[in-house]
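Multiple structures are listed underneath, in structure tokens.
Both complexes shown next keep subunit A, but they swap its partner, so subunit B is in the first and subunit C is in the second.
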Partner chain A sequence: MPKHDAIIIGGGHNGLVCAAYLARAGRKVLVLERRERIGGAAVTEEVFPGFRFSVFSYVVSLLRPEIIRELDLPRHGLHILPLESTLTPLPNSDYLAQWNDHDQNRRELARHSLRDAEAYDEFGLMLHQMARAVKPLLAMAPPDPTSLSFRELLGMKRLGEYFKSLRKEHFYRLTKLLTMSSADFLDEWFETEALKATKSASGIIGTLLGPRSPGTAYVLLHHYMGELDGVFRAWGFAKGGNGSVSAAIAAAARAAGAEIRTSAPVAQILVKWGRAIGVVLENGEEIRAKLVVSGADPRRTFMQLVGEKHLPAPFVESIRRFRFRGSSAKVNLALGELPDFTCLPGRGPHLRGAISISPSVAYLERAYDDAKYGEVSRQPYMDIVIPSLIDPEMAPPGKHVMSIFVQYAPYHVNGGWTDARREALGDTVIDTLSQYAPNLKNAILHRQVVTPADIERIVGLAEGNIFQGELSLQQMFFLRPVPAWAKYRTPLRGLYQCGAGTHPGGGVMGASGRNAALQILGTA
Partner chain B sequence: MNRAIVIGGGSDALVAAQVLARAGREVMVIESRGSSLEEGWVPPQVLRELKIEGLELDWPDPWLTVPLAGGGRLELRRDMARSVEAIRRLSTRDAERWPEFCERMARLARFLEALYAAPPPDPLGPGFALRARRLGRRGLADLLRILPMPVAELLDDWFESDALKGALGAAGVLHLLQGPRSGGTAFRLLHHHAGSPRGVFRPPRSNILELLRKLPRVELQGTEVLRIAVEGGAVTGVVLKDGRELAASLVVSSVDPRRCLLELVEPGWLDPELVRALRHVRRRGVAARIRLQLDRSPGFSALALAPSLDYLERAYDDAKHGRVSQHPYLEARCDESHRMEVLAQYVPYGADCRDFSESIVALLGEQWGDAQPQHVEFLAPRELEEFEGWPQGQPHHAELSLDQALWMRPVPELAHYRTPIEGLWLCGPAMHPGAGIAGAAGLHCAHAILGR
Partner chain C sequence: MLKTTPFHERTAALCASHAWRRWAGYVVASSYELSHEREYHAIRSSAALFDVSPLYKYLVRGKDAARLLDHVVTRNIQELKVGQVAYTPWCDAAGKVLDDGTIARLAETEFRMTAAEPNLRWLQDNAAGLEVAIEDVSEPIAAVSLQGPASRAILGNIDVKYFRLAETELFGVPVSVSRTGYTGDLGYELWFSAKQALAVWDGLIEAGTPYGIVPAGMLALDVARIEAGLMLIDVDYVPARKALIDSQTSSPYELDLGWTVNLKKERFVGREALAAEASRGPQWRFVGIEIEWQSLERLYAEVGLATRLPATAWRTSVPIHAGKVQAGYATSGGWSPLLKKYIALAHLRSHFAAPGTPLDIEITVEHRRKRAAARVVKKPFFDPGRKRA
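Let's look at the complex of A and B:
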């Protein structure tokens, strides 16, 4: 008899969530992480002495509240600090700010457009309704619409009944939202370009699509589904960086009895008679278990760890067609002083929130145009935060860390990623940002540039896609990662998936890990 | 007062008028201009219901000629084996995949045909689910995956030849302000495929309008409707351009819904939410039309100039930023008397089109050899709006994107042809299935009116 009930491949947040739930149910769980640290893309690293960065993912919002509650994460060290605002600096030295404070926000919007200020609340309410309509689906193992088995038919029937229980207008709005582009969707509500652009940017994150491409409105909603303390669209920082999210989940898993091994790269999933029976590590060590759960992305799991020969041909074909196309990069800066924005000089509350370089929808589309043909955007979209202002322990006293999410930096860049290209990307980002904050160049002490190729190499995400696979309509819900295999199961008995390549997808959400565990335990 | 008035002269309006007349209504059709929309597939239900005979389909063979970059042409024919041979010269892998691709797309097209033969489906209804099930396991998986896809991804899944992918991809963006890398364009390709045999991805032209106009029982009036009169929430008639007022208890409009409900009717009659939804129906014309006469045969009957998906995408990039495509995609058809009609995409509404017509004729000139063009007529979307009555030059009245299709066409509240104004109904290209499918929206609308 194998010593372990389940081996979990990958100590990313989903793998850890899955481990925690299995361990809590009394299973003997072993988590195997390739790197020397746990967390996957949710890690905090001291990249430069004294400067700590959430190297990859950098904010928290999508983490499911039921996971925080059920795993009692605050007790295990999770502490979330709120992000209060979003600032969009404009090329004409003006700006658009969105504040959490209702009245302040309304005054600011009215400065740009009275109509938009009027529409804002109604828009928020509508998105709230949509998020509520989708929320139950997040915790669901999607039924297989192509199957005729009783169980799946029943699942489809329940799904149909759920949609029927929604108000008709809500259902229609949802179907429109699923099929629209985020820019068209926002055009229906607002007229201020910077507002539309900043909001529609949520719809392009992690995809190689522009804001005018249908399907992006759903991604916008996906990013809106973050709940903190019951408030939708609340974003925050984990104190200590995103690594502390992983650490808290790992602590919960360990407390429940899970074993976590780092520097234990899995080379192969052992298959015998159509069943996964364990794994082989790169050093040749064989570990057997009743179940293997892979938190790696579908391509790595099936094409690399399992191998085509153990899988049915149509399944392999579908996995090959699953699209990754990483499109985003990160630039992490150690700063000697705070950036000074021309539009809002000096230190102020605006620096404590997010800063979005998205002056217009056309700007985002132009950024996308470059990427479509394999180039880094000449003027990229950026989402910037300065965690050291909220959590001073991230940088030495008086100094700061800045995290810049950059899009588009396509994985499939013409000529491939090289050191020179990486540095050129860094320069592009700094040059673009300096147009809004001219002191930036002189404030930089150190710079780290993380390309999609780096994300793939370091974290293991295929093509550097931050969602373990594009979150497009044809790769969602019962199609994620492939039709008929969206229930965390695989064609091999004893092998499950728990990564973001399964429903409901990426962001530091944890839902895939939880759903997978509940499927395995048969309590979903 | 039992009179019914049908506004518009397209196939939907005429079919609706005929069905109502056959049910005993006195029907008058008011058309300001003869429709010259290229009518595509005529669903058999329309022919059966009106007992129309003598339908002639103009289906060129090869149905598409594609000029190749290195000289020579790819000719796609109805005969599968000959198409395979033609494709083999570009890529043996693509040639081997062509029959299966055609088979799988045809299966989905048959599914769409069934949906188009009826009013918009209820996505949650048992009928829709059962019909989808009948596609089989792989068919259903294909459907769910392909409908929201960019046509470029679909084609990249199957083929490697740029020429083949460009020519097929073009059908995915026709009359859409989207590029082949935009979501929902694979659906557009399937829509285009509906009604065509396996392996043919261009709809036929037909003489359906001519046949419909010859049918008796319906009075045709050549004038324009200025206003639809409404009293107490119910339609009372129409006011014509010449000042005449015609009383009617039933008005069926094939005018685009946005204009019909926001301009022909006092918008005060409508719920503000509906007014807002209507204002956001997207109906941007993107194609210019060139008609010309050649003095001899150009050597093809249907030609697509879209050498690759990137070429199409770049053409779209220009339009997205408000400019005419520097390198447009062209779709040309030529009849036996060498009359040619060309669609040039993308030409955004109101964009500056100076010298564009000449550049298109020059581009085509490379394809038609020694033939000489005469009587070149160029109409940009703005002129098409004026002469053809297409809103912003969009012949489909509402762009056929996924969020404006099926039960969302043109907006969910109006998808079942009925309007909140009693006695006012909608048919026309903006209604399901619309967009180049002749007469079906008219048929479903009339059936809804008659309670069938």
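Let's look at the complex of A and C:
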């Protein structure tokens, strides 16, 4: 008899969540992490002495409140600090700020457009209502509409009920959301370019699509789900960086009896008679278990760890077609002083929130144009936070760290990623940002540039896609990662998936890990 | 930073209580003095001066101005005479109230509309194809409300009839004076350029001092408006734009504003839904409730206390029962210092809404949830003859 009930491949946040739920149900769980640290893409590393970075993922936006509650993550060290605002500096030295305070926000929007200031609340209410109708989907294994089995039909019925709860006009809107581009959808509501651009940005994050690409509107809603839990306040910056999210989940898993091994790279999943029976580590060690759950992305899981020969050909073909196309990079800066924005000089509350380089929809679309043809955007979209202003322990006293999410930096860049290209990307980012904050160059003490190729190499995410596969409509819900295999199961008995390559997808959400565990336990 | 009104220089100096609150993105005084009591009594016995600048104000001008407003609100605006003011709600297509305010006809083709919420977008969207200009004048126009029996004398015995308007000059400033207010008393609202706000304020204080004028804040106003049976947006009803679920919305009929709905108008926003509701009768009514003193006294006596009363008007939802069923809920209430009655405004299922219907209202007495006897009474609770005279 194997010693372990389940082996989880990968100590990313989803693997850890899955481990915690299985362990809480009394299963003997072993987590195997390739790197010397747990967390996957949710890690905090002291890249430069005294300067700590959430090297990859950098905010908490979608972490499921039920996971926070059920695993009691605050007791295990999770502390989510608020991010208060979004600042969009503009090339004409003006800016658009979105504030948490309703009055302050309305006043600021009214400065740009009285109509938009009024539309803002209605837009929020509309998204709220649609997100409310769609949100239950996040916590369920997506039903397959082609199946007539009782279980699937029941799932479809539940789904139908959620949609029925929508008002007629919201149902129409939802249909539009599913089919439109985020820019077109926002055009129906707003006239301020910077507002539309900043909002549409959340529709393109992690994809190789532009704000005018159809299907991106839905992704807006996906990101809005996090805001739906507004009262719960699951949105913000994790004290200690995103590594502390992973650490809290790991602590919860350990407390429930799970064993977590680092520096334990899995070389192969052992298959016998169509069943996964364990794994072999790169050092040759063989570990058997009743179940194997892979937190790795679908390509790595099936093409590398299992191997094509153990899988049906059509399934292999579908996995091959699953799109990754990583499109984003990170630039992490150690700063001697805070950036001073021309549009809003000095150290104000605007620096404690997100800073978005998204002056217009055309700007974003142009950034996409470059990427479409295999180039890094000459003027990229950026989402910036200064964690040390929120959690001073991220940097030495008086010094700061800055996290810059950059898009587009396509994985399939013409000529491939080289050290020179990486540095050129860093320069592009710094040059672009310096147009808005001229003191930046002099403030930089150190910089780290993380390309999609680096993400793939370090974290193992295929093509550096931060969501373990593009969040685009044709690979979501019952199509994620592959039609007919969307319920965390695989063609191999005893092999499950729990990564973001499954429904509902990426973001430090944990839903895939939890849903997979519930499927395995038969309680979903 | 929140915005301050054009009177802030004066009001800040007066605000001994340091009690401010928000209103439409502005800070206004809750009370100037340490207690709002004297400010309240000024409304009923002399005159109270309120800074009501945060109201949203729109100038609607052009050939089709009357047509636009007539289409948007439930009352007949085409028939409004020049110099007349109408209080009216307006609804969405489902006949649910979006907001309420006043419309003053300044000239044949010129109107001033007040609103509690921003409505520029709503007006613009409904003005498609019409020859009309809509201007948001919320900031350039300052407004004060002078309310109370002495208000007419303070304005030099101005002759403006109830819900009428006059253009005049006060303290050297062109002022539009409407005989309107939110207290159910004799009173006026003054509209003028924000640039000359302080001159008008100073003039009113000087002219009013012999008559006992008292600058008053929102706490005093809240008591007076409940006595007058006047509902407050976000407190007594959820505007349809903010409703998360349909059951949070209210029609004018459900808010006791059926009298403002003119179904004889050929078309206006929400007409069909309202016509249907008018024929079937509203499910809810918005009524006055009086909580019986004896019942209160008994509840407090049971725990060895003398009767206690809320120090200010409250604005929370409080369940109201009729025997074993919940008949509805009160949304604001308080002690009327003038009437010596504990009163509240409440939403009741229609069949519990007849005056005199006996009810129970929840009340917490020494940490325990109790029920006090109450009954439905006619609104307004207080309706002095001078209001219209």
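Operating definition for what follows: the second predicted complex is superposed on the first by the 503 of 524 C-alpha atoms of A that agree within 3 Å, B and C clash if a C-alpha of one lies under 4 Å from a C-alpha of the other, contacts with A are read in each partner's own complex, and residues count from 1 in each chain.
Please note the rule applied: contacts are C-beta pairs under 8 Å (C-beta built on N, C-alpha and C of every residue); 3 or more make two chains touch, one makes a residue touch a chain.
All values reported here derive from a predicted model rather than from experimental measurement.
**Q** Taking the superposition as given, does A:P145 touch the first partner, subunit B, the second, subunit C, both, or neither?
**A** first
**Q** By the touch definition at the top of the document, which applies to A:E46: first (subunit B), second (subunit C), both, or neither?
**A** Touch partners of A:E46: none, neither subunit B nor subunit C.
**Q** Considering only the touch criterion stated at the top, classify A:A117 as touching first (subunit B), second (subunit C), both, or neither.
**A** Second partner only.
**Q** When the two structures are overlaid on chain A, which partner does A:E423 contact: first (subunit B), second (subunit C), both, or neither?
**A** A:E423: touches no partner chain.
**Q** Looking at A:L473, would you say it contacts subunit B, subunit C, both, or neither? Reply first, second, both or neither.
**A** A:L473 contacts subunit B only, not subunit C.
**Q** Classify the contacts of A:R212 with the two partner chains as first (subunit B alone), second (subunit C alone), both, or neither.
**A** First partner only.
**Q** More residues of subunit A are touched by which partner: subunit B or subunit C?
**A** B
**Q** Once the structures are superposed on A, label A:L125 by its partner contacts, choosing first (subunit B), second (subunit C), both or neither.
**A** Once the two structures are laid over each other on A, A:L125 reaches subunit C alone.
**Q** Determine, under the contact definition given at the top, whether A:R106 touches first (subunit B), second (subunit C), both, or neither.
**A** Only subunit C; A:R106 stays clear of subunit B.
**Q** State whether A:E286 touches subunit B only (first), subunit C only (second), both chains, or neither.
**A** neither
**Q** Which residues form the common part of the subunit A surface touched by subunit B and by subunit C?
**A** Common to the two interfaces on subunit A: nothing.
**Q** Looking at the complex, which residues from subunit A come into contact with subunit B?
**A** Result: residues 145-148, 156, 160, 163-164, 171-172, 175-176, 178-181, 184, 187-188, 209, 212-216, 314, 321, 323, 362, 365-366, 369, 372-373, 472-474, 478-479, 483-484 of subunit A touch subunit B.
**Q** Show which residues of subunit A lie in contact with subunit C when the two form their complex.
**A** Per the stated touch rule, the residues are 103-104, 106-107, 114-115, 117-119, 121-122, 125, 128-129, 167.
**Q** Would you tell me which residues of subunit C are touching subunit A in their complex?
**A** 1-3, 22, 24-25, 118-122, 124, 136, 241-242, 244, 246
**Q** Over in the complex, which subunit B residues touch subunit A? Could you list them?
**A** Contact set of subunit B toward subunit A: 123-124, 129, 132-133, 137-138, 140-141, 144-150, 153, 157, 178, 181-184, 276, 280, 282, 310, 313, 317, 320-321, 401-403, 407-408, 412-413.
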